[in-house]
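Two complexes follow with chain A in common, the first pairing it with chain B and the second with chain C.
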Partner chain A sequence: MLGTAVKIRVERRLELPRRTSAAISGLLILLSFVVASAVFELLGVNSVRTLSTIVSVFLSPTSLLQAVIRGMPIGLAALGLSLAFRMNFWNIGAEGQLYMGMFAATGVVLLHAYYGAIPEQLLFTTMILASFVSGGLYCTLPGYLKAKLGVNEILPTLMLNYVAILFVDFLVYGPWRDPKGFSFPLSITFPDYARMDGFLGNASYLGLTMALVVAAIVYVLMNWTTIGFEMRVVGQNVDAAKYGGINLLRTTLIGSFLAGGLAGVGGLIIVSGLIGRLRPRASPGYGYTAIIVAFLAGLNPWLIVPASIFFGGLLVAGEAIQAALNLPVAAVQVFQAIIFIMIIVAEFFKRYRVTIRR
Partner chain B sequence: MWVESPQTLVEMRGIVKRFPGVLANDSASFTLLRGEVHALLGENGAGKTTLMNILYGLYRPDAGQIYVKGRLVQIRSPRDAISLGIGMVHQQFRLIPTHTVAENIIVGSREIGFTLRYDAINEELSKLIKFYGWSIRPDSRVWQLSAGEKQQVELLKALYRKADILILDEPTSVLTPQETTVLFQTLRRMASQGLGVVLISHKLDEVMGVSDRVTVMRRGRTVATKPTKETNPEELAYLMIGRQIGVVEPRKTTLSPHPILETHGLKVLDDKGLLAVKGLSIKLHGGEILGVAGVSGNGQQELMEALVGLRRVEEGKILIGGIDVTNKPPSAFIDAGVAYIPPETLKYTASGMTVAENLILKSYRRSKFSHRFLINWRNVYEEAERLVKTFNIVAPSLKTRAGNLSGGNIQRLVLARELALQDDIKIVIAAYPTKGLDVASTEFIQRKLAETRDRGAGVLLVSEDLEELAMLSDRLIVMYKGGIVGELSRAEFDLETVGLMMTGVKRAEATA
Partner chain C sequence: MAAVGWLESILAGAVQAGTVFLIASLGEIYAERSGVLNLGMEGMMIVGAAVSFIVTNALGHGYAILAVLLMGLALGLGHAFLTVTLKLNQIVVGLALTILGLGLGGLLGNAEIRRRLILALNPAVEERNLIVQEAAKLPDIPIPVLKDIPVLGGMFFQQNALIYLSLVLTFVMWFILFRTRFGLALRSVGENPAMADAMGINVFITRYIAMAICGMLGALAGSYLFIGYQPFWVEGMTNGRGFIALALVILATWNPLRAVLAAYLFGGVETLQFRLQLLGVAAQIPQFLLMLPYIVTIVTLTLLSLESVRKRIGVPAALGIPYSRE
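Up next is the complex of A and B:
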């Protein structure tokens, strides 16, 4: 016991006003900058320069557009995750679903290029549909296992990531390798009309539009439709859902399909907007970053879009730091990790009120 | 006026405990002697568990004194209680399944110091286990144990901490009959060792079988304490239920010519996979309240869940309005006009969602609230506003999370959802609808059920509250061990007879 008794009381909050919630998030992001500075200093790096490099990414139009397009695969995957998480479906497999989306989008391009299937005008639309269905079905499998057999979804979704990544590896090292590509493990380059730059001049514009449209759809779906209502009830209390006459299997399948499908479209953005072809390990963990983004945004679809741009910016910043300051990528990953920890801490403060009394 | 007496372990005087909307303990008094098994008997919601939770430090009383071994004490937490030698075994076990018996027992123990000496601990535990003739081992993992064995671990935990005052809250509710026999032997043995044992129960046969003295509680008050030898089940039932029987409201509408709900030879399993409903056949007509009396755990829960589509029917049939709905999904039952007021309302509430959202949990598919795929929130809120008013649901707003409401208000919310939102309900399955509620809420809910009946619906009212059953039911069946012991018409109601039938005595014998 201390001489002067300091009492720390932790109480559950009954209501959380939006302003308080935003203030807590903002404060802790600020705190993560402080902690990150300390870490950078420990690494012997000038923290002010590092942080200002990170911040400058968001100030210049060119790098901001870069941040947007890098953020969109994350954003679409996170929008899907926001559906899944509100259904209490812990999908850790957005990464694999991104790869399945890349696979389907590239498959459509190859069908067109090699066999002349699908007319040019319909190609991009077909790619969107194919990547959506492919990512969706990939997520429906663990969804089915959960709803029908009660298998926890975390491990299946996580393990299917490796399956998808290796499957794409197999394709680009094997049958899908560009015949004129000097045996590099790369697919052929996509034609212009299969690339997002082909529309509106810059892939970022189309990417952002897609993300905003999807955010609106997700918002309406969750708040205004019966299926969204059903998904939320299932996420809250499975017993209550059964009692309310909700078909658990149907709801889980639809929810997991939509969640995986959106990540699939994220995969399309990677191949069609960022790289322009399929290559191995095309996603550096966007699907995992999407989990952070979904939580940072509090599963709110409108906040997911800016949050994913923020994380896209961090990726761009990582490259800038590497180039300008000769720092390892790990430095930016450390920064990301600190932000994630702060989000978890913020969750605690959002749920509980802490008061200190003397 | 405390008289120093080493024989008296606990004396609780004038204990008052108020919860929002409920007076749980109304100047209750209780004495526990060394070497006795003392039964605390009462209906659900009579305040037995609250009184003992106060003794164990889980609640602070609003008024009253507690003396333990002659000393006036303030019990602020279970930790205080444990250091006074009080141990409690709750209905839900508080054990860590992946840990061993020994590890579970030393969790939270203060004396063990920094390093663990398992040899010494195991030796002491083995001694205790041997003394009580149990078969558990200190190094078994808890998840491998049966319910009865887990209970022994809980008892062992208290004994290891040298408790001499032991409280068991409805200990037999999770046990098989054989395990119950073993438990009762243990309790007798503990008493012979000079411990004081409190047995919370609402089962008369248990109380008669194992206790030395019995204290009866009703609506928060301790109404009598008697040596078990000097009383009998009839007197105890009488004390438990009280003298007054409510005003009888006769049926106003005529019965529907055909039953709206029928079951034929219904067989249903419980969670453990044992047969809980053993070939039950009932007929419910529109315009009547059919009471189902019985001590809980005799298959009522499983019967009700089967009747609303939440539990699989193994054998037999359920007909609604003559149409076979056996093993259809819950939505089919909802569409057929079945309302269900479940025993644990919180279990069927989406507590993180709003009051309005919870109100439409069952009716959101109706054209009033949704068109194709879109929910019409304007209609939802209008309707919710109306319901909150008619059912007196006290909530800061319609957007308040349901989980933040008090128990009584959640009960009203469920009632509103079930009874008012679907204007074409034909059948109401109501389980203990007034359990734990204060007088005003109870009356309100009983009136609503009668109203629904008068509108032509059939009500199946499952309750342990005989007073309530006598007041509301037009007809009464008594369930015991998954079957029907007998049926009584309204004219034949007799609390003593029903009370005896609840213990499995056939009607002819009960009235003889």
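Up next is the complex of A and C:
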């Protein structure tokens, strides 16, 4: 038996029917449940209870609403990333851009609360704009370095995450700390009209609406506008873009601004929809999860919305697991990572056909 | 006199804090010199820290380091399988590995799971070892005579075994990289894999070896962080150090000898920030001081992009690109 030679042949696929592609993705996501169970069992964790807790999150309306609002910062950041990745701009900095969005949104609230600037009715709109511009500008810096000087964007965007997190730390430990807050590192609580629960009584509804509107805008922008076309050409072939007379600097700046701006609005959702104030380390890595979501959705803006709700649900499940099974949230993180790896491996099988012959 | 003593302790602290970065960046240098960008360093480190936490409490330091090296080897080879054999995107694979590592680190550090694993490794273990949040720190081994040299004695001759090992490794890895045939092969694979292939160098195996080394050193860096530097378990205790190590590789321009200086510089910043906090000097400063390594990295990257600088230093040209013989 051992003597039989097994030949593995790997050929590049010439075409990939939609059905095959979906089948590969589905199979590997199923496989990630199996692998995750194996890892959990290996560590002596009851995998059936862990996974059934995860599934049950999506079956109850209350926890589903929680999943939605937890998923929206991820979703907006992922929508931004879908633009950036299409442009071949490897923005690993959504996390930092989220923090810059939180910073700007909170700044607007403080201007209003401390100095009476900006009327109540315009406050939320101003917060959206401010967080968009703040996150956007933060992402144009690496964008500029890339387009102008050819600096690879991966490490700068990654490094800027830590700078933004530390900057927010500085604010809440220092000048922005609530004067009546018993010296806890927290900003003042936002007034009701600066929070998202005003709309239909739950922040999830407004969050979901915002995400769907943004998904539509991203779809139209990428498929029907000149700038969207230019961004795609830059992503596919920089040299062709240059020959075709596309202004590389302008396209990269606009693309990175939009990408960072959407993550910035995600930051607004964190402070305005989830917490209701600014605190240090307010994002438990939403910006990194957004990368997984963007890939899971194949950069398709419509699929990003449900995918981000799925990952929001995983976060909610993490807390449920912690409470019910006394396990760290990390169990969910392991599950996320395994799904992520399976999605990447699926890419391989979509690109190549593997046949095994004896 | 007090000022001199304070400076000496800062410098010794810079070495202790910097060794985490040094060990990790030595591994990353080999990976990147071979053309593989390993963004999974952070994950490898936290797994290394968690494994050494468990195994030290079960069986002691020796077995802990052995287990950590094996774990790192597995992670490094896993990364290589996905990026070299399956030719998947190195950025995405690295990030996935980091997320996986952070998750595994959290699971392994969990009280209940840890207890079970320690008991499985050593059923006769003392009850205390099952519950503590810490582990025995590696002992310092002062070197006679040399330890009394002012400043340098405190920095280099009153430290633990892993710090000595990191210094030896630096020289050995520099020598291998620049003075041996294997080093030449490694560098040419990262520079021009097609040419290296034509000259009879096995690109795939070379990259596998580089990633194996990188994985082992990444996990060892995490292990040092725990048993050699801060032997108290905190979830997510690497706190971005793996990414700083990546930055440091650039600052060191892919050279092990320069990595020492850069690592101690970053270690010095970390130590200084702790001390300033202890002294209560300007509560606002720490955050800005902590931003320095990241900002320095961005500036360095920008400088490196200038053509003249780039040519002189030799950035691995094929960094991040999977090799395919088609």
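Criterion: the second predicted complex is superposed on the first by the 354 of 358 C-alpha atoms of A that agree within 3 Å, B and C clash if a C-alpha of one lies under 4 Å from a C-alpha of the other, contacts with A are read in each partner's own complex, and residues count from 1 in each chain.
By definition in this document, a contact is a pair of C-beta atoms (placed from the backbone, for glycine too) under 8 Å apart; a residue touches a chain by one contact, two chains touch by 3 or more.
What you see is a predicted model; the values in this text were computed from it and never measured.
After superposition onto chain A, partners chain B and chain C are found to clash with each other.
Once the two complexes are laid over each other on the shared chain, residue contacts for A:247 go to chain B alone; chain C is not touched. Ranked by how many residues of chain A each touches, chain B and chain C are led by C. Within the superposed three-chain model, A:229 lies in touch with chain B and out of touch with chain C [touch as defined at top]. Residue contacts after overlaying the shared chain place A:48 against neither chain B nor chain C. Judged by the touch definition given at the top, the superposed model places A:237 against chain B, while chain C stays out of reach.
Clashing C-alpha atoms between chain B and chain C turn up only in stretch 97-105, chosen from 97-105, 277-285 or 367-375, once the structures are aligned on chain A. In the complex of the two chains, the chain C residues touching chain A come out as 37, 39, 82, 86-89, 91-93, 95-97, 99-100, 102-110, 112-113, 116-117, 235, 240, 243, 246-247, 250, 283-284, 287-288, 290-291, 294-295, 297-298, 301-302, 304-306, 326. Here chain A touches chain B in the complex through residues 14-15, 224-227, 229, 232-233, 236-237, 239-247, going by the rule given at the top. Taken together, the chain B residues at the contact with chain A in this complex read 308, 310, 329-331, 333-335, 340, 342, 347-353, 357, 361-362, 364-365, 370, 373-375, 377, 400, 404.
Those residues of chain A whose C-beta lies close enough to touch chain C in the complex are 12, 43-45, 90, 92, 145, 149-152, 154-156, 158-160, 162-163, 166-167, 169-170, 173-174, 288, 291-292, 295, 326-338, 340-341, 344-345, 347-348.
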